[in-house]
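One structure is given below, represented as C-alpha cells, and several questions about it will come after.
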C-alpha cells in the first residue's frame, strides 16, 4: 500500500481526494493537514466522510510529516505551495501539486500573473504538466506533477486535436467558460454566499484570469508558436462542473463529421476523454462526480467557424480526479483505478 | 383607460404582461385567451395573480374578441400568430406581437428558418421591429410592433454602439448567450423538468437557433451590409435572465475607458439601458423583474478584442416589459409607466 | 413627505426597505447607515439599486442622524438595537425596530433567550408588537413598533383564528418551519455559502431557536394562558420564503370546510392575509416579493388533527414589508401603499 | 455471475439501479425494459451511462424476458407491477418489486388507497417488506421483496427504536417530510418543470399520501396495535434527498443523551443506519448518492417531545440502493457490496 499525505485537506479539492482515494485499493491516506482544523477529525468537519473518523487534521509541519508518506498531494493556495513542494521533492518524495505554483514553465510569466516571485526555479524545471492526454510518458517518469487548472483542462482538451492537425486560425481562439461555484473553493465570502450566487449569472476576470497564461502555454506548445487567447470565465449557480464553449476560425474546408473523426482518433485510447457524435453536445450534469471530459463539436458553415464544447467536473477531472489519474500513471497501475465511476444523475 | 387583450395569456410571457399591466394606471386588461384553460379564471391557474380572480380565460375567437380591446398583445407560438395579427391589424387595432412572426422583414428568410411560409407579407411590411433604442420614432407611429426576441434584444443592444461607430471587424462577431429556463416557456417537457435542468448546464442549437437571422438582420442594418454572426445559446439552472458575452475584434486602437464613453453617449437618454463604468460587469440577478438592460465592457489589449457583456430579464426586457415599453411609446405617455421597478434581490 | 432613516441599511432587510420605499409616494429616505460601508453609495454596493446613487452610507451616530428623519427603521443585529431605539424614541421620533430587542414584553425572558440584559425596560413597555392583524389599533397610536420576527409572523397568523375560536388542544401545538437562506442575513459564513446550502436541507436549532418565546408570547395572549410550543426551523436552498406547517389536535368535531370559513372570517378585512379554499395549499413561490401571507387548511379526520400551512416572503411580510405596513398604519394612510405588488413568478 | 433484469429501466430508479449495479462484482444486467424507448440503447437515452452502450431497451414481454435473468428488479408504476411480479415469482424467479404493489399486506387497504384491486393475493402473502433493519432474516429466505417506499423508509427507521422501547405516546406521531424533486419520477409534467419547482416550496397530499398506510402498517407491527399517523410530504427544489422531521410525545422522562444511546444500540450492527451524537443533525447533502440513513435526535424538555430527524437519498436508500441491499442479503454476500460509497459533496 502506498502511503499518501494530503497537504491542505479541508478544502473542496482536499475532501474530493479523500472521497476518490477511499475507493483506491493500493493507497492509504496517512496524513491530512489543515492549520485551522488541526486536532479535529475529518468526519467531525465533514460528516459525510464518516469513514475517516480516525484521521485527524494536523498542522503542516514539513519535517514532521515527511516520513509519514511516500507521495504528497498538495492542495494549498497558490503561493503557499511553492516552498513545501520544493522541500518534499528534494527529499525524494513524489509530489502532485494541485496549486498553480509549478504549472507555468516560465517563472517570469508566473510572477507577472501571480504577483509573487518563483523561488524554486530549479525544481520548477523538473515539474511535468499533468495532463495525461498530452504528457502521459513524461508523467510516468516524473516525481513532480503540476496538476492542471480546471479551466485549462477543459480548454486544452477541447482545442488540442484541432490545433495539432493545423485546422485553426491561431489568432482567433475564443474560450468562453462557465464554472459551478465549487471552483471558488470553500470559504467565508459574501460574494459566494447562497443568496448572492443563486439565481445569478455573471462574467468575471475577463481577460485577466490567472488560468489564461496556463492555457496559452499549452496551446503555444501545440501550435509551435506563441499564441494569445481570449478567455472569459463565468460563475453559475450549480455546485460542480465547467462547460467551455470555444470558437475558432477554420483554415480549411472540413465538415462536422470529419472534425468529429479527427477528435475521435486523437482520443481513441484515452480512458477519460469522450467525443460525441455529430449533433450531440455535453452537459455538466452528465459528468458530475466523474473524471470524464466530454467534447461535442459543430462547424458553423455560414461563418466557417468551429465551435467546440467541453464539459468536465471541475473538482474531479479539473482537480482531484486528474491528480489521482496522474498518480496511477506514476505508479504504473491501471489508470482507471478508483476513477471508473458513473455520474450521479439526476 | 385603454382596453387591451392578451392572446395567449397562460404562458410565462402572458402572465408577465398581467403582472406588469396591473401597475399600469392607463390600461385595463379586458380579455385574455387560452384554449386549454378556457373558462377558468386567471387566479385559478396562477394563485399569485389573485387580483385577476374575475378575469376568465376564453378561447381565441378573433371576431368575438375584436370589440373587447383597442390594443392586442399577441403571445402565441410562432406560426400561430401570423393570421391573428393580420386580422386585428387590418381591423384597425394596434397590435404588439411577441411571437417571431413579424420580426424578419424578408419573408424568405422567415420561411427558411421557421419552416412555414409567411402568408401576410403585405402586413409584414407594416411591422416595426420594437426595439425602442433603435426604432423609437417608428414605434411611435406604428400600429403593428414585432416585439424583439429575448436573445436578439441582449445581443443587438450590446453590439449597437460599437458597430454604429465603425469600431468592429464585422466578420468576427461572436455572441455567446446564457438563458434561464423560463426562456423555454411553460410546458410539459421532460427536458425542462427540474431534475434535468437543475445542476446542469449545456449549449444547444449551436449555429441553428432561430434568433440568429433576427440578430443578423438588425446588425446588418446597423453595419450597412450583410453580416453573419456566430450565435450560441446555453441553458442555465435559474428562472430568469439572459447574460450575453460578445467578442468582436476592434478595427481601431481604443481604450476601455473610451469605449465605455462611446456606449454611455449612445444610451445617454435611454430609460432602460445602463452602461457600467470600467471594471464592472452585469449579473442577471441585478435585473430580475426589471425592464433594464445592463452592459459592461472591456478590451483585451493582448488580442485587441472588445468583450461586451449584457444582462436582461428575458421575460421583461426580453419580452413583456419591452412590449409594454412599446405600448407606452405608441400611446405617447411616459415610457417608464409601469416599468420603473427595482430588481428583487436577493 | 415623511423623512425616514434606515439604521443598518446594508443587510437584506435594509435593502428590502429601500426597494419597497422607492415606490412609496409619501416617504423619502434621507439617511442610511452602515459602519463597514460608510462613505460608499448604496448603488456602489448594490448595483440593482441604481436609483439610490446619491444616497451614501454613513456610520450610525445617533446625535448626527437624529435631525435627518422623522421615523427610524432599525435593522440592526439583536442586542445592538436596544440603545439606539431607546434614544430615538425618547427624542420623540417614531421608531420601527426590525430586531428582536423590543418584541418580548418580559425582559427576563429576553435575557434568558438572548443572553443579554434589557437595559431599557421603561421604553420596552411602550413598544407595540407590530403584527397588524392582531394589534392594528395599538399600532395606529404607537411611536415604537417591535416588528415581528419572520417565523413568528408565519406561525402566529396560522394559529390565530383556531386558537381564538377555542378549537385547539393547546398542549399539542407543533410548528414546523422551512426558510429560504436570506433569513440568515447577508454575511460571510461558510455555512451559508452556495455550495454548502445548495442541494441540501436540514433542521437546526430544534427547540432552541430564539423565535420560540416570541411565538409563545403571542399564542399565550390569544389563549389566555401560558403555552409552550414545539418549533423546528429548517434551512432550504431558495432565496426567499417561509413555509410553516402546523399540527394541532382539535377539541371539537369540525370539517375542513368549516375551519376554512372560520379563517376566512377572521381575515375578511385584512389586506395581506389570504385564506385558500379547501383543497388548495400555498407555495412560497407565489408570495415572493409580496407582503402577503397565504394560508391553507385541512383536517386529518383519521387523527382529528388540523394541519395549517402558511407561506410568506421572509424579507417582506416577515420583515421589511410588514415594517412599511406598520408605518402606513402609524401615518393613517392607505395600508397597501407601496405594498400592493404581485409576486415575481416564475 | 447473477443475471438480473430491470423492468422499467428508463425512470430515475431504473437508471439508479444501473449506476449501482455497474459497481457490483457478482451481477450482470442482461435485460432492461421500456415501452417508449424500446430499441434504443441505454446510453442513447442517458449519455452519462456510456458503459451501457450495448444494452438495448426492450418492451416488457414477460415470456420473452423470463429466461434472460435469475432476478428481476421491477421498477414499474404502481398497479402495472402486480401481474408481472406474480408471473416471475410463480416461474421461480427472485423478484424485488420497487413499486407499492406488494408492500401492503392487507389487500383491502391497498385497494382503498390505490383504487385498484389486488388480484394476486396468494403471491402477496409471500412478499417480504424489504427493510433490512427490520426484516433481515425474512429477506434472506425470501423470493419476493416488496421494496419500501422512500418516505416510509425515512419514517420507519426514525421511529423504530423509540417505539420498540415503549417510549412513545402512540397517538401523537407526526411525520413531516421534505423530498427532493426526483421523488416525482422522470416525467413530462409542467408541475415538475424547473421554473415551477425552483425557488418554490410547498406541502402536498396532506393526510392523503399513499405512503401513509405503509408507514402505519409497519409502525403498528412495532407497536403491537393499530396506529394512525399524521404524515405530510413537501416538495423542495433539490434533486435528491428526503429529510423527515418527526414529533412524538414521550411517555417517560429520558434525556437526549439516553435516547441517543437507545438508537445507537438499536442500529449498532447496521451497515447503513447512522445515529448522530447529541447536538448534531443530518443534512440530505451528506447522504446524496449513498445508501445511508442518518438520524439525529433531541428532546424538547419544555414540551416533553422527542424530535427525530432522518435523512436519506430517496433514489438510493429510498429505492434502488435498498433494492440492491435486499439482493445482497438474498444472495448471502457482503451486504455492502456495490453500496459502500461516499456522498458527493458538494
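By letter and in written order, the chains are A, B, C and D; residue numbering begins at 1 in each of them.
Going forward, contacts are C-beta pairs under 8 Å (C-beta built on N, C-alpha and C of every residue); 3 or more make two chains touch, one makes a residue touch a chain.
Values in this document were obtained by computation on a predicted structure and should not be read as measured data.
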item	value
Least hop count linking chain B to chain D through chains in contact	1
Rotation, 0 to 180 degrees and nearest 5, that superposes chain B on copy chain C via CA atoms	180
Whole-Å separation of chain centres (CA-atom averages), chain B against chain C	37
Geometric centre distance via CA averages, chain B-chain A, whole Å	39
Interchain centroid distance [CA atoms averaged], chain A/chain C, Å	46
Contacts with 2+ other chains: residues of chain D	12, 182, 195-196, 198-199, 237-240, 282-283, 285, 288, 346
Residue ranges of chain D in contact with chain B within the complex	12, 181-182, 186-190, 192-199, 237-239
Touch list for chain A against partner chain B, complex	171-172, 174, 176, 178, 180, 195-196, 198-204, 206-207, 228-230, 232, 234, 236-241, 243, 245, 247, 281-285, 288, 296, 298, 300, 302-303, 305, 307, 309, 311, 346
In the complex with chain B, residue positions of chain C that touch it	12, 15, 18-19, 22-23, 46-51, 182, 199, 239-240, 274, 276, 280, 282-283, 285-290, 294, 341-346
